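Look at the two complexes coming up: subunit A is in both, with subunit B in one and subunit C in the other.
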Partner chain A sequence: MNNKFDALKDDDSGDHDQDNVSPKDCEKEKSEDEEKDPNTAKKKTVVPGAGEHPLQYNYTFWYSRRTPGRPASSQSYEQNIKQIGSFASVEQFWRFYSHMIRPGDLTGHSDFHLFKEGIKPMWEDDANKSGGKWIIRLRKGLASRCWENLILAMLGEQFMVGEEICGAVVSVRFQEDIISIWNKTASDQATTARIRDTLRRVLNLPPNTIMEYKTHTDSIKAWEDFHGLVNASGGR
Partner chain B sequence: MSVSSQKTTSRAIPATRRVTISDAAHMPHDYSTTPGGTLFSTTPGGTRIIYDRKFLLDCRSSPLARTPPCCLPDIPGVTSPAVPAAKSDSAHTQPALNNNHSQPAEKGAGEDAQFEMDI
Partner chain C sequence: MEVSRRRMRHLEPARPLRRLNAEQDQPSYADLESFPPSQCSSFNRIEVEEFYEILQLHSKTFATKKERISYSREFLLQAASSPMARRRPDFLPEHPVVLNKARVQDVRRLILCTTSPGKEDLSVQESEKNFTR
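Entry: the complex of A and B
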């Protein structure tokens, strides 16, 4: 029978250059393509239902998890990330949120991503490539509350930076959790300062909390340095 | 006579007004207004649909917000219970989710920690 888990994998991989995909991965993509019917329904833009409260933007929830033992690469990142679903109204948001585990209860090396519909939670996406993110490292036990406050502020348009916000991420790691919010233009200091100030206000953080801004260009470079690769095919 | 009528007590201009909404039915139908009155005709960056945290949390109790979403993917441990040991018992708890084949991959969960340095 159709494996629901596989069928829900991102089917946009055809948009990306696949030069350095192993033959095994190619086979995998093909079998998924044949089964992708359930995904076509998801491509339709969601709209608020009758009596629901529309949001300024539609958003998509994503989930990713590091597969143990598998080499990390941009390709495997994209294959490991799964769309949970998109929503257009406050009520639709709660339907998803209430049926998802709280980030503080996730196991392993996992992330929830909440991005505007059409923006992939990847550095390389057109909306992200000139952008960056504010990062806040949290001791264990705070992630669920901070994540909820962060995404409610984003959905409710509390940041007041026009179109600049791209999405938010909560990353569950071994000794700490990390929340971040991504914006389009890393060089726009008025915007990044306003995002920082809003974060301080809505997250109710202790005054000594360290907030760090990181451009995606720097993230990509650090990633490449760490993995020691910009390989022959020009991919990574 | 006009003197006495001009005498009024001074009050601070109410800068904010908090209106408690206990039910979605109390919401205005016109989205150019916000609960409790229009706060901004425009906002920095243009007109926006703004909701504060409290309002969003209040919407959670609406019946419209409680039906399960359609097409929710089954990701054990994320959108459904992790079912770690329940596999050996029969899967009576989750009859609709027969995604058993992906289970073994989830078992190695505890071993990720060594990768945590890559953020």
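Entry: the complex of A and C
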């Protein structure tokens, strides 16, 4: 039992936290998610207002939370993840950001996701499926500051890796918080190295901070393995 | 005749081909011989790649969209205090993490942090050291 949880814990940074959802449920959620296209069409209309500072890309804020106590199988990923809004300029970003709770003030098992408009914070999204993420585990109390530094660097195009960045996640957990940044091509070592170095610089991380890179393929495999084990032993 | 031919051969690699072609108002018989017609016509033709290059140069001058729009942390933090950045978004879902009023004091604190970056760096680094495993 412990082993399973260790394997999962590795992966516990932001995306699908459907630890107890059966694979069958997940399949269903994915197709539901894909059908939600009217929303995507609406998002496309976000443009910078007059006199505002345009961003290189439009972004969307998402929020997800695992409700404690409720049977996880009745929840879907789609029910768990909510779009807060999309923005196209610096000013629009601050409008959303200042009207949201800071990650450090969140309680329970929850995540903020900030992704480029059109990219879902899911491993299976076309932009993410060959990608991966840098993960940094933070002790409690640092999440807000680090998250702000991370997203300001992303919005300000400080990573200098072309189109590679997909989005960023902050995950509030019981004893620690995790921030991660996702990119498109996990196999592109020049890109992942540059992202790592920029992260160190913008987060003021000391050289001995442990940073872990994980491909989404590995995340999916770990997740599937875990659920395979659960099903084989008859659990749900 | 023989002299001019030799001179041409000598100049050929030293001068850019395009300029050579343009400057020759009245090419001698020898010159024509050294540049077969097919090669001559290619000088005056714009290749597809060149065409796109010219187009890109134009779009760069008129719309700066080709460049990356980048902002420093300091600039972004300063922009947070503008009235445009503090208005409530037009479309904001009702949600436990969504606030009715902007967290103005937080944004102010962020800006204060920027004015004394040295201090801030130190505090982050110290706390990071404690937790790193």
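Keep in mind that, in the parts below, the second predicted complex is superposed on the first by the 177 of 236 C-alpha atoms of A that agree within 3 Å, B and C clash if a C-alpha of one lies under 4 Å from a C-alpha of the other, contacts with A are read in each partner's own complex, and residues count from 1 in each chain.
The rule we apply is simple: a contact is a pair of C-beta atoms (placed from the backbone, for glycine too) under 8 Å apart; a residue touches a chain by one contact, two chains touch by 3 or more.
Here the structure is a predicted model, which is why all the values come from computation and not from measurement.
**Q** So in the superposed three-chain picture, is A:Y63 touching just subunit B, just subunit C, both, or none of them (first/second/both/neither)?
**A** After superposing on A, A:Y63 lies in contact with both subunit B and subunit C.
**Q** In the overlay, answer first, second, both or neither for which of subunit B and subunit C A:H99 touches.
**A** In the superposition, A:H99 touches subunit B and subunit C alike.
**Q** Taking the superposition on A as described, I'd like to know which of subunit B and subunit C A:G51 touches: first, second, both or neither.
**A** A:G51: touches subunit B and subunit C.
**Q** Where does A:D126 make contact in the superposed view: on subunit B (first), on subunit C (second), on both, or on neither?
**A** neither
**Q** Where does A:R139 make contact in the superposed view: on subunit B (first), on subunit C (second), on both, or on neither?
**A** second
**Q** Considering only the touch criterion stated at the top, classify A:E224 as touching first (subunit B), second (subunit C), both, or neither.
**A** Neither partner.
**Q** A:S171 contacts which: subunit B (first), subunit C (second), both, neither?
**A** first
**Q** Looking at the overlay, does A:T209 come into contact with subunit B only (first), subunit C only (second), both, or neither?
**A** A:T209: touches subunit C, not subunit B.
**Q** Now for A:N149: first (subunit B), second (subunit C), both, or neither, which partner does it touch?
**A** both
**Q** List the residues of subunit A that touch subunit B in one complex and subunit C in the other.
**A** Looking at subunit A, the two contact sets intersect at 49, 51-56, 63, 82-85, 87, 90-96, 98-101, 106, 110, 149, 152-153, 155-158, 160, 202.
**Q** If you look only at subunit C, which of its residues touch subunit A in the complex?
**A** Against subunit A, the touching part of subunit C is residues 68-73, 75-77, 79-80, 82, 84-89, 91-93, 95-104, 106-107, 110, 120-121, 124-125, 127-133.
**Q** Note which residues of subunit A are touching subunit C in the complex, please.
**A** Touch list, subunit A to subunit C: 49, 51-56, 63, 82-85, 87, 90-96, 98-102, 106, 110, 112, 138-139, 141-142, 145-146, 148-149, 152-153, 155-158, 160, 202-206, 208-210.
**Q** What residues of subunit A sit close enough to touch subunit B in their complex?
**A** 1, 3-6, 8, 38, 41-42, 49, 51-56, 63, 66-69, 72, 82-85, 87, 90-96, 98-101, 106-110, 149, 152-153, 155-158, 160-164, 171, 173-175, 178, 202, 223, 226
**Q** Note which residues of subunit B are touching subunit A in the complex, please.
**A** My answer: residues 24, 27, 31, 43-46, 48-53, 55-57, 59-60, 62, 64-69, 71-75, 77-79, 82, 97-99, 101-102, 105, 108-113, 115-116, 118-119.
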